[in-house]
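In what follows, a single structure is set out as structure tokens and then discussed.
A, B, C, D and E label the chains in the order they appear, each numbered from 1.
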Amino acid sequence: MLELSAVSSGYHGLEILHEVSVSVRTGEIVAIVGANGAGKTTTLRTAVGELKPMSGSVTLFGKPVSAGRSFDAARDGLMLVPENRALFGSLTVRENLTMGTWARNARNGFREQQILELFPILAERQEQRAETLSGGQQQMLAIARALMGAPHILLLDEPSTGLSPKFTWDVFNAVQQVKEQGVGVLIVEQNASQVLSLADRAYVLEAGSVVLEGTAAELAKDPRVQAAYLGA
Amino acid sequence: SGSAVSQSGGGASSSAAGGEIVIGALHPATGAYAADGQQMNNGAQMAVNAVNAAGGIKSLGGAKLKLATADTKGEPETGSSEATRLIQSGAVALIGTYQSAVSTNVAAVAERNKVPFVMDVSNADDILTKGYTYSFRLQPNASTMGSLGFDALQNIAGDAHKPVKQVAFLYENGAFGSSTLASFKSKAKAAGVKLDPVIGYDAASVSDMTTQIQQVSASGADVLAVAGYYRDGVLVAQAVNTVKPKLNAVFGVANGAFDQPQFVKDAPNGGDGYFNANYAIDRSNPDALALAKDYQAKYGETMRTSAAESYDAVKLVADAIDRAQSKDPAKVRDAIASTSYKPMAANKGPVHFNDKGENTNAGLIATQILDAKIQQVYPAAGAETKPVYPAPISK
Amino acid sequence: MTTTKPAPPSAPPSAVVHRATRSFSALAPQRTRHTLLTTAAVLAAAIIWAGVSAGSGTVLIQALVTGILTGGIYSLIAMGLTLIYGVLHIINFANGAMVGLAMYLTLTFVDGTGGMHPYIALIVVVPAMLALGAVLQAILLNPVMRAPLQVQLLITIGIALAVENILLLVYGPNPRSVALPGNRAVKIFGAAVELSRIYALVGAMILVAVLWLVLQKTRTGTAVRAVSANPEGARLVGINIKRIYVLTFAIGTAAAGAAGVLIAPFSTIEPTAGSIFNLTAFVVVVLGGMGNVPGALVGGFVVGLTEQLGALIMPGQSSLLAVFIVFLVVLFARPTGVFGRAS
Amino acid sequence: MNNRTFAPRTVLQERTDPVVDAVAPKGAGRTTVGNRVPWDYIVLVAIIVFGATLPFVATVSTMAIAMRVLVFAIMGIGWNIMSGFGGMFSFGHAAYFGIGAYSTALLLVRFEISPWIGMLAGMAIAALAGMGLSYLALRYKLQGAYYAMATFAFAEVLRLFAFGNGPLHRQTGFTIPVRVEESFWMFQFKANSPWYYWIGLIMVAAAMLVSIVFVRSKTGRYTMAVRDDDVAAAALGLNALRYRLTAVAVSAAVTAMAGTLYVQYYMFIDPSLAFGPSVSNDAIITAVVGGTGTIWGPLVGAVVMGPLSDLTTAFLRNPPQWLAPLAGHDGVDIILYAIVLIAVVILLPKGIYGTIRGKVTKR
Amino acid sequence: MTVLEIHGLSKHFHGLKALSNVDLTVEEGEIVGIIGANGAGKTTLFNCVTGAFPPDSGSVSLDGKDITGMSMHRLAGAGLARTFQLMRPFSTMTVVENAMVPAMHQHHLSAADARDRAMDAIAMVGIETWANDVSGSLPAGVLKRLELARVLALEPRVLLLDEVLAGLVPAERTPVLDLLERLRHERGVTMVFIEHIMAAVRRLSDRVVMMDQGEVIASGDVDAVLSDPHVVEIYLGKEYDRA
């Protein structure tokens, strides 16, 4: 279980997150919704140790996640698919996937075969260099790469950005399958209506603070959420 | 190595007013030419010690000499600013600097500050063609070495009844190599000796000379003359050993390698038979041999000619101060201009400066490596042994 | 070390075509064939011209053979440089100094063991240089890995100055040498060649093969390339990138060390003995495509041959002039190096 | 081309930080072009006035060091214009320095033409050469280290060309003839005359002025936009090539000025002094130690790095007790210099001025 | 009047056909939506039109003048502007300075005037709170809108928008959509936009073009295209109706 308790965090001494508490258990999907600049990305980056919290604590299965050592978090089964995807551009699709297994150790999880079935286009483009993939293809590769690491907890930062509607569904279906494999998923999404129908629980983040939390179904009915995130 | 050297430079600034007389020595103590630079500082220090031990400058009441050394790092602008510093801290005269580019700068500083500058080693002709009146040179300049070198070669070959017919000339394509080539060439032309092929190379970057030696071999030349520095000299020897051209001699013209003790260790076959016509310690002069021995004892390595030149430069300046009976640089300059100092380096007679500041008696000797020893073989007057010509170089 | 700063934002968006992308990946066959054909044609013309200028077949063959052999030496020296640039984006100005240091270590080894074969020094020198490289990266360079190119360049300039002068301090300024037992000249098509230089060429080839295999075929090698491609992504999949940086700089330094050992027998060993190759090594690296290990071998041959043939074609000029002209032409014609891939 | 994610392009600034005075970080009081007190100009005038008094207080050997500082400063300022503000990493600034030096020397020595004219000629030639090279390089999309290497090679080609060229006196180079009379027109004064320093100071001031005006100008802003993202700039109608070439030309011309000052003061130039790699390194060291992409960085860098080697040498000439065993060993001063250089760069990767300014404007 | 005419445009990358024989005509004041699966070639189409790289074959004309392969900055000067799917801010500059660049350059404004115009553009897209932040460290959604603000400051006649709504929450999308409609009505700006958000496609487009594997496979009225079974199958997905 990933747990952020009362985490404050930010950049260059500037506090962006104010005492945010978020938790994800294995086998559940948790969504974070919020406007631009609300601090969603900051939350995820703090969770994996890319950012050092100013106060509060981040723990993964009870063990603290040490800041500056996000690679250790990955090794312990915490994987982030960042907003900018951070693919290995000059490496091939296949090599990107191989690198995904770097921290896998002996964990069970998706097999390469399964992942390629999930993302058939990647199977076709195995020898293509990642930087020449289209935007959407890159997004798929980024998710696939993270899955190769057999994470216990998977963090997704706006995975549907730039994806076609069909593929957004495909990705969400994949997320569902990932969850069924026992992985905990923390997903940040603009596409609130879709993500709330997918998630078990959700948080609403505004200006660096959690303003609402609850089951996804409850939140989807909340008028404030409907106005801000579900409207046209 | 060289550790005992430069402390003496300390505190030069305080000395101007006191009884000590400061002579500034500018040499490359670091960088690619540090080996010579450090030796030259040692040589200069030995001269200072000798003068002081003999009672200092007599005409000034036994005033003691003091050497202020400065590391030029082989950079002309450092040479220039260090020269300025030495002059400001009271140096009566400067000596140096081993590299022509640095000397060019120091000569300008000396001229404008009206402080005499005696070049121990610096061969570019150019430095003294500017009408400078405060700069002097002990060492033969590059073109003198070219022409004297040719004479040496022709005489040695002639004495062995195998007159030179065709010379292949290999030179580093910088100022030194080029001016040596020019004067060698005009002498050769006058003597009716064919100069072919003439091959230049970049001493700083060359890393293999086999092709050049193959060219020499293909040309049918009977002598290979080489004007270059140490590292490239070793490369020449390696290539000669590899290609084995049919040559009567490999003949260095002011070569930086062929008369170095280290060359005997570094070159294939110990560089056996290699000639070099170069400015050198005068082996026929017992004082010079004694000096070299002292040096060996004191610093644990063989004294290089460059160190002897520095020694001479300091002694010459000391003598001039004595005769000038003054620490005034202008008076010292006049005394230097009328010197007749007898140097440790091979010379045709006492040092005599012409109005350009060149030592008209600057001379050179030829050495040959025989039995792993560098032996003076020319001129016959001071020779330690007879030259072996044709030399056994392509065994 | 913990960081309070965020990871650097992703690199800025690129121009349409990435010339600066390092090219570890497979070669684009068509472009490469085209390039090879052009290269072959230019080479043939240069050979004929040089042959005519030289007027002697032996000289020409000697130039070609020497060109290949010196080219091997150059690529040997450039190998560490290209690796370090490819992964760390550091223009390692200290590469030459490291080669020089390795020569002195070889010397010390040979002297200290009472004249053992210098190549045996590899067993000692390579690990020593590996360790040194690791330490330098860990202490001096890792703290500034996010800083721009010139910051790291300056640190390597500082390292070079320090190493050279420490050598001067410890070993003194006099040139030294080590002898290679059994070194002698052999004839190849009438060209005379020292065995030691052939060994160096063979060493260069083995080194290329080893480095290439490691980078392309091993998991760690792929990780090295992954770090080079996107450090943030590498961290996120669990790679400790600082460790990879250290590893890479260590390997690069060890490669310089191996080069130093192999060329020591035919070099004059001075504090600056390695640095004189700096210029040439830069050229080799760029010609081969920065970060492209096999490319460095090709780049070395190009430089070696250009130098030799250039000396025959333009006697009296510095042979480096020809090298730099070829270099500029190639840079403009094939900006990712003769062997690099145009993305 | 959807590869924003990758694009390992070399940028000369750390991206998260503002680099130019005109660009302050969030929340900070902003100095913006044209609407506040022109501090840059005021500071510049103060520096000149203050700096001009140095010859009255300093010893002659200090002045020799001060001259080096001035030469470094001009080179660093020049380098910073194209590499700091323009984002094109020049690893061969010696080319422009050397062109300035050689133009001056050649015209003076062979044709007795005033160094001032030589300087203008040198600046023009350097600007043209820089533009020519950069046109080719940029046309072929050389970036980052590749561009750096092209400039490096260019400087080397010039060095080797001068090295083998008769009319340029090959390796011997040029020596400026010593004149009997002092002369402004011929830029020659008696040894140790403060005029060298004052003229050099004016050159530095001119270089600074060019730098400030450039950064504050529209062209300067466009140049920085192109540096940050050339494709985006082009999509907004900016001719990226034009602004890059402008930056190169200005940078080269400024740097050429340093060549003139060098030649007239030291009275000697040869191929390695003019075009050698260490000259390029000096320009880079000056700018980086001071702070790349900042207006005042190169000046600070010159003041720090110019005297450093003399300081380490002097320090070891009379070392403190605990260092005494090291004294007298040649090379220790250089090792010390190297250590200081490395330490400064590691501790202050944004340069001395860059770091201080970052700290000050943070709150 | 026809503003933009694309004829027979093709482009391939190492044997991969990214565009083949694409034809597209855009009338003045029209808003055309481009949809298509990821990798269909939409961005490549923009790239070829705006001179980011030359097409292999085919032609593009603006106002009847051939502009094929014309450089990007000249096209921008001629009034054809684009945004980037993957944002490209001038990262050392603040948001307002980013927008000042085109304002100064295109319209020769003084710095002060340019700042005013830039502020207007920034306000229009709703990111004025970030105006003085350095753009290198902005959240993605702000950068998206900065892309838009910059081209607004340029005041082009023809605007190519590459997924400007991606990364915005619905509440943030609405003002942008309003803005785009206003631009058309008030300034008569012609627009071609790539978008995966169907609500926006429906609201904005006069006409929709569906691309697949480098080809235009359907074109016409929004509802017609979006209900085309083939489009549903390959692009919208079976679940689309469910949403």
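The criterion applied here is as follows: contacts are C-beta pairs under 8 Å (C-beta built on N, C-alpha and C of every residue); 3 or more make two chains touch, one makes a residue touch a chain.
Keep in mind it's a predicted model, so treat the numbers as computed, not measured.
Here the chain-to-chain distance from subunit A to subunit E, counted in touching steps, is 1.
Pairs C-D and B-C differ in how many C-beta pairs touch across them, and the larger number is found at C-D.
Distance from subunit D peaks, on a Cα-centroid basis, for A.
Centroids of subunit B and subunit D (each the mean of its C-alpha atoms) stand 38 Å apart.
Distance between chain centres (mean CA atoms), subunit A to subunit C: 42 Å. Between the Cα centres of subunit A and subunit D there is a gap of 47 Å. The centroid of the Cα atoms in subunit D and the matching centroid in subunit E are 42 Å apart. In subunit E, 43, 47, 52-53, 84-88, 91, 136-137 are the positions where the chain touches two or more neighbouring chains simultaneously. Counting partner chains per residue, subunit B has residues 2, 30, 34, 37-38, 173 touching two or more of them. With touch defined as above, residues shared between interfaces to two or more other chains in subunit C number as follows: 6, 9-10, 12-13, 16-18, 21-22, 165, 168, 173, 228-230, 279, 316-318, 320.
Listed in rising order, the residues of subunit A touching subunit C in the complex are 11-12, 45, 48, 50-52, 66-72, 74-75, 79-82, 84-92, 95-96, 98-100, 102-103, 129, 131-132, 145-146, 149.
On the side of subunit A, the complex with subunit E involves touching residues 11, 33-37, 41, 83, 121, 128, 132-137, 139-140, 158, 161-170, 190, 192-194, 227-232. Residues 1-5, 13, 15-20, 22-23, 25-27, 30, 32-35, 218, 221-222, 224-225, 227-229, 231-240 of subunit D are the ones that touch subunit E when the two sit in their complex. By the touch criterion given at the top, residues 1-2, 30-32, 34-38, 173, 197-202, 204-208, 210-212, 214-215, 217-218, 230-231, 234, 238, 241-244, 262, 265-266, 301 of subunit B touch subunit C in their complex. Against subunit B, in their complex, subunit C makes its touches with residues 54-56, 58-59, 62-63, 66, 69-70, 73, 165, 168, 172-177, 185, 191-194, 197, 266, 268, 270-273, 276-277, 279-280, 308, 311-312, 315-320.
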